[in-house]
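Chain naming follows the written order as A, B, C and D, and within any one chain the residues start at number 1.
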Amino acid sequence: MSGCPYFQKKFVSSSKQHLKEDENDDSQTGVNKASKGGIMYGDYLQLDKIVTSQVLQSELKGNKIHDEHLFIVTHQAYELWFKQVLWELDSVREIFISGHVRDERNMLKVNTRIHRIVMIFRLLLDQFAVLETMTALDFYDFREYLSPASGFQSLQFRLLENKIGVPHNQRVPYNRRHYRDNFRDRESELLLHSEQEPTLLQLVEQWLERTPGLEEDGFHFWGKLESSIFEGFRKEKEKIEKKTASEMKEEMMAELSKQRDIFLSLFDEKRHDHLVSTGQRKLSYKALQGALMIYFYREEPRFQVPFQLLTSLMDIDTLMTKWRYNHVCMVHRMIGSKDGTGGSSGYQYLRSTVSDRYKVFVDLFNLATFLVPREWVPKLDPSEHRFLYMAECCDSSYCSSSSDDSD
Amino acid sequence: MSGCPYFQKKFVSSSKQHLKEDENDDSQTGVNKASKGGIMYGDYLQLDKIVTSQVLQSELKGNKIHDEHLFIVTHQAYELWFKQVLWELDSVREIFISGHVRDERNMLKVNTRIHRIVMIFRLLLDQFAVLETMTALDFYDFREYLSPASGFQSLQFRLLENKIGVPHNQRVPYNRRHYRDNFRDRESELLLHSEQEPTLLQLVEQWLERTPGLEEDGFHFWGKLESSIFEGFRKEKEKIEKKTASEMKEEMMAELSKQRDIFLSLFDEKRHDHLVSTGQRKLSYKALQGALMIYFYREEPRFQVPFQLLTSLMDIDTLMTKWRYNHVCMVHRMIGSKDGTGGSSGYQYLRSTVSDRYKVFVDLFNLATFLVPREWVPKLDPSEHRFLYMAECCDSSYCSSSSDDSD
Amino acid sequence: MSGCPYFQKKFVSSSKQHLKEDENDDSQTGVNKASKGGIMYGDYLQLDKIVTSQVLQSELKGNKIHDEHLFIVTHQAYELWFKQVLWELDSVREIFISGHVRDERNMLKVNTRIHRIVMIFRLLLDQFAVLETMTALDFYDFREYLSPASGFQSLQFRLLENKIGVPHNQRVPYNRRHYRDNFRDRESELLLHSEQEPTLLQLVEQWLERTPGLEEDGFHFWGKLESSIFEGFRKEKEKIEKKTASEMKEEMMAELSKQRDIFLSLFDEKRHDHLVSTGQRKLSYKALQGALMIYFYREEPRFQVPFQLLTSLMDIDTLMTKWRYNHVCMVHRMIGSKDGTGGSSGYQYLRSTVSDRYKVFVDLFNLATFLVPREWVPKLDPSEHRFLYMAECCDSSYCSSSSDDSD
Amino acid sequence: MSGCPYFQKKFVSSSKQHLKEDENDDSQTGVNKASKGGIMYGDYLQLDKIVTSQVLQSELKGNKIHDEHLFIVTHQAYELWFKQVLWELDSVREIFISGHVRDERNMLKVNTRIHRIVMIFRLLLDQFAVLETMTALDFYDFREYLSPASGFQSLQFRLLENKIGVPHNQRVPYNRRHYRDNFRDRESELLLHSEQEPTLLQLVEQWLERTPGLEEDGFHFWGKLESSIFEGFRKEKEKIEKKTASEMKEEMMAELSKQRDIFLSLFDEKRHDHLVSTGQRKLSYKALQGALMIYFYREEPRFQVPFQLLTSLMDIDTLMTKWRYNHVCMVHRMIGSKDGTGGSSGYQYLRSTVSDRYKVFVDLFNLATFLVPREWVPKLDPSEHRFLYMAECCDSSYCSSSSDDSD
């Protein structure tokens, strides 16, 4: 950045660095004065690679088209940011996998990094406005040179989807081939590996299953909730029954019954497992309970940060879906929809990916169906249920090891 | 991009390409099937360079700090986009320098590309929100490793400023050194060269000087405008003089006189030259006239696109200033302002760059001071002054040479 | 705005205003000093109405819910901006209806105002981020009080859709009723009226039909284009035929044939009319030709601004679709998708509106299917076809009447 | 919103509502069918007031100018959002004033609402892009009619500044008058009242002073920090002293001494009080300590949410400053800067408000000057210092009273 004084020497340096600096003392002789023996901005950012990687195919083919440069830079910027998203995602997954998440100090990191992914995706949405300054006609001038390169071949985007938890067996095939077969061997292996690692979805699921308050021999949230809800329905029914007969009364009764059925389904574990098997739900039954517990008691100190996390996870899902939809819109503009003329199905393929099928945390959205009035939520006695304002911390030895941010 | 079908083979290819493809037929044997002998997405974008250029200094020094990755990627994204801005800027400058701008067909390109720079700067402003997810404390953990790298050393940003027209002799010194002395020899030469090339400001100035309608032996806009304005003031004065004496009348008379003085200064070429010599104005007197002519007759077919261009140039100025200001705000957050404690002046240096001194097209803003009522604007008779709806085109030979978008 | 000095007294006022001011001189006595006899900021903006219109239903019902205020303000802000969009839209339609568009001076206004609509819709997309700070649980606390109010009842949004050209006979029914039946009588009449007025789509269609260059006795673009394209295909075929037999040769031949069929359909007026009858195309055959002419010759001075207009029209379509999609996403978050539990179909209804069926200028997108190499585009001789750089102006009497911006 | 099914009837209603509904049963007769006896969208939002409040002064004066409508709507949208910001701000201040903030359950509300203000200001920044579609020339056509209305007269913006904590005695005078004298009597009283109420700054200050860990008879953060830092400096000095004499060694020693002085100033309460008296610091000495404590121990469960709050407060400050700067930029564009011609000082006045003087939480930024290496931060033993992972909750009676979100 221009004139950025970020990089100023700090007044004091860790002993480790001192050591390294001393070792390097000799090698500094002869270095350009501007660098005073440290690192220069351009070297630090490896700009010799970053800003020299724009090779226009149209130019190679002897027909240089100005706008191809924009096309390249935009896609490179997408890939740079995908790299960053993967960086954050992997670090969060590592905190979960290693069990560090049990030390609730690490929730700040988890939350901050997941939120950062949200902010990056917001930027990526805005980025479409830049590429849209290129018209279909500008694009036509060079698109022939790009064949068969395809954004479908973005390894990082596929990794990102896999690591978040887009289920590979539900992927829409592309060019009638398994999605992995569109990649080179080494890349295909990375993809396979990412399918086999714990996904963010699975890790969040395990974490939700451990939500304090779910213990059947403790607060037993699920049991209390079920009782409370159906007690509520019973009272509502009584109230309605006391009204004088009317069309409205019957409507209310029918509505009540319908709503009761919805909640019956919530407490029906078999039904849940069926919905999981068809892909309509993705979280385990226990995890679903944990999520609802966090929803209802979100203001308790223990759950404030977890609730933010669930909200950010929905943000990511929503933004990825919007990103796909923006992509569809741009492709429509760039190559048309073939207009019933029997052309390729690129546009149609993309449209099919804008579906709830690709929403990883769809259950967190759908829980909105199961909200109830505050007075139906089982009461918690803070003097008894102290877990709500006491964080799970750790022994000091463990903490010290985690505190050096080596994640 | 995911599943992007942009890159589909076009049904017909230019003869040039066919040739090349034929030559390469043999070399295609053995290539991975996915590529069908063409180019792959990752190779096209040189992702092996782009997404492997993130080397954390903190990790090299044995103390890996997670957030340094974000810091690197953000700055690389800035540099990628600066590259794109330079690409657009150079192409526009080339159209002006080569004289192609005289063929008004090229105005669409000029306008589109300048507008694209506007859109890129909008994105760059949004991009701050991502870096701001890093706190001062996160930054503190690795900033010592970066010394003495400094965003001030961004070659591309300095080039960009020079090529647009930030006057180098008005630059705030940095670290008490000439700005070029903070760069390596080769870079310093590039900067010197960019100072010596025609800037966008100078090119626009020359173009404005040729605005049709300025000819003294033709429509003679400036002369007509001067007469019309002072005739207007005279009539206003008469109107006020007819009012009965009152405090309000005196106020109106004083205000009128003050306003008249402002316009006297507009028609005072010596005063203009003085303001240019002090850096308060930057365009030549003739160019200023052209800009005002375009302002007043912006709805005439001939001036619609030029008017858009002037507007976009102001957009760029404003956005670059806002970018600087956003930068200041972030630096304040990251390293404080030293709080009167005598620390470094990074923050103060940056604040000093957020000034009208760095606004290149400041005259286009300041012309708002010289607007007049529509009835004071000299009338144009379209049957006489046909230049207003006839574009300057070119002979067919010239056109054919320019039409192949080889820019 | 804070300290905004916009409203400063201008040094000179039109005679009309002077008259009015004089008339009002007496009435100014006793007015608060701050206003000096003119108008105050709050009165000007009618803030006594604007900022007092937030009545919380939850508060009226004795259970004040904090977040309802956000819900109200957000929707009011949407409606304010819809008002502005209608203002711009009506003014543009009026320029077309009155025939003023034939004076090409008015194209700047048309373009600026359509572009302003684009900018407003961009803002409206951003605005979702504010409402999304409300969670499903916050919303649940007051949503019962709002029944049966529904955003479907936004009169302005329906008017806006109608005036742009969303075909009412293709509207998805809501609550199994005709969309107009969800409104009050007076509102329903306004809607009916808006269906019967010329839509932006129809007006643009008429304008496109008049595109210079389409005349059969003039440049005859369509005839020339057809010849040129099929001549191109013929030559391509010859080239392929010369290759030695191979699988690749056959593939190329098949592809060529397929592409040729696509273009055959373009020149098949009956097929066009059929697609119009099914709603897949919306522009007349002649208008489609005009649009393609503008696409291909967009750099000609005469077509630069028209080309920008077509681009902005696609922007509006895209943004409205994105707006609908963002809306869908938020509704999913707020009330769930019923998760296969048989609940209401609000979410499903909304999803159905995110379809190309609601894209008004879908033909402008789909024309991307019919792009051809630059060398296939019929050549224009500027010395012969002067219409490309001469604007259609007007006689001076007409112009003077149009120049007083009374639109 | 279009087709928004938010407002669906909930299946069950609170007893309170039932009561009210029953009472109203009779009054529902005769209501339009569309409303089914409830409330309609347009009535709910009072659209009869909102979308009818656009009265163009230019039209009243007989010279309707199209763009004045945009000017009005934009400012009304600003005021709508200011209303919302005040709504959030007042609710947060009330939580602090009432002492409810001591129950840490309420921190979620505080945080969410402060974050919402951040999101609203982000939108308000974006909103400038819409108004910027109006050019200086469009504005000139109607600005004379607005005199002397001025954005300076925005009551809500002044209230907002006062309630956040912009010190009234540091306000730049406007038109050489005390800022309150530009308002009507009733408004002036509201402003005076807002100056006398506890500001967000003061409330946050009190809250920071109570930061657990500051107790001198407890963890005694400040004392421990002082010891630790100067111990650190002592060790650094020893390290440097061991080096062989060289220019670099002297530089390091000088730098160390300089840095040590900076920290001496941090622990000098008198110096702090002096900086407060000059307006360079705004928080009490104790509050400053609390803020630094939260910074250093931000990952502890107890401090995660407070740290987010401090971050959001800086966001608000930054965004308000950016808003002011954007405003300056637009005013420059609309009316020029008078270009040394002696015109009014509106632009200059506005520029003067873009200063750190108007930053309310400036201390939170400047604390970045006082960061230290992690190893210098006093260690906490979680088994001893349990306050770090135990929230301050409340007795059950208190909680039940606070839980009904009546804020």
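Just a few scattered comments:
By definition in this document, a contact is a pair of C-beta atoms (placed from the backbone, for glycine too) under 8 Å apart; a residue touches a chain by one contact, two chains touch by 3 or more.
In this text the structure is predicted, and so the values were computed from the model without any measurement.
Interface comparison, C-D versus A-C: the higher number of contacting C-beta pairs is recorded for C-D.
Placing every chain at the mean of its C-alpha atoms, the farthest one from chain C is found to be D.
If you average the CA atoms of chain C and of chain D, the two centres end up 36 Å from each other. Between chain A and chain D, the centres computed from C-alpha atoms are 29 Å apart. Chain A and chain C, compared by their mean Cα positions, are separated by 33 Å. Touching two or more other chains at once are residues 9, 14, 109, 122, 129, 140-141, 258, 298, 334-335, 374 of chain B.
Within the complex formed with chain A, the chain C residues making contact are 122, 129, 132, 135-137, 140-141, 258, 261-262, 265, 275, 280-281, 295-296, 298, 311, 314-315, 318, 321-322, 325-326, 329, 332-343, 354, 356, 365-371, 374. Partner chain D is touched in their complex by these residues of chain C: 1-10, 13-14, 16-17, 20, 32, 34-36, 38-47, 49-55, 57, 61-66, 69-70, 72-73, 75-84, 87, 91, 109, 112-113, 115-116, 119-120, 122-123, 126-127, 129-130, 133, 139-141, 143-158, 161, 174, 181-184, 187, 324, 327, 331, 334-335, 344, 346-347, 349-350, 353, 405-407.
Residues 9, 11-12, 14, 18, 104-109, 111, 232-233, 236, 239, 255-256, 258-259, 298-302, 304-305, 307, 372-375, 381-383, 388-396, 399, 403-405 of chain A are the ones that touch chain D when the two sit in their complex.
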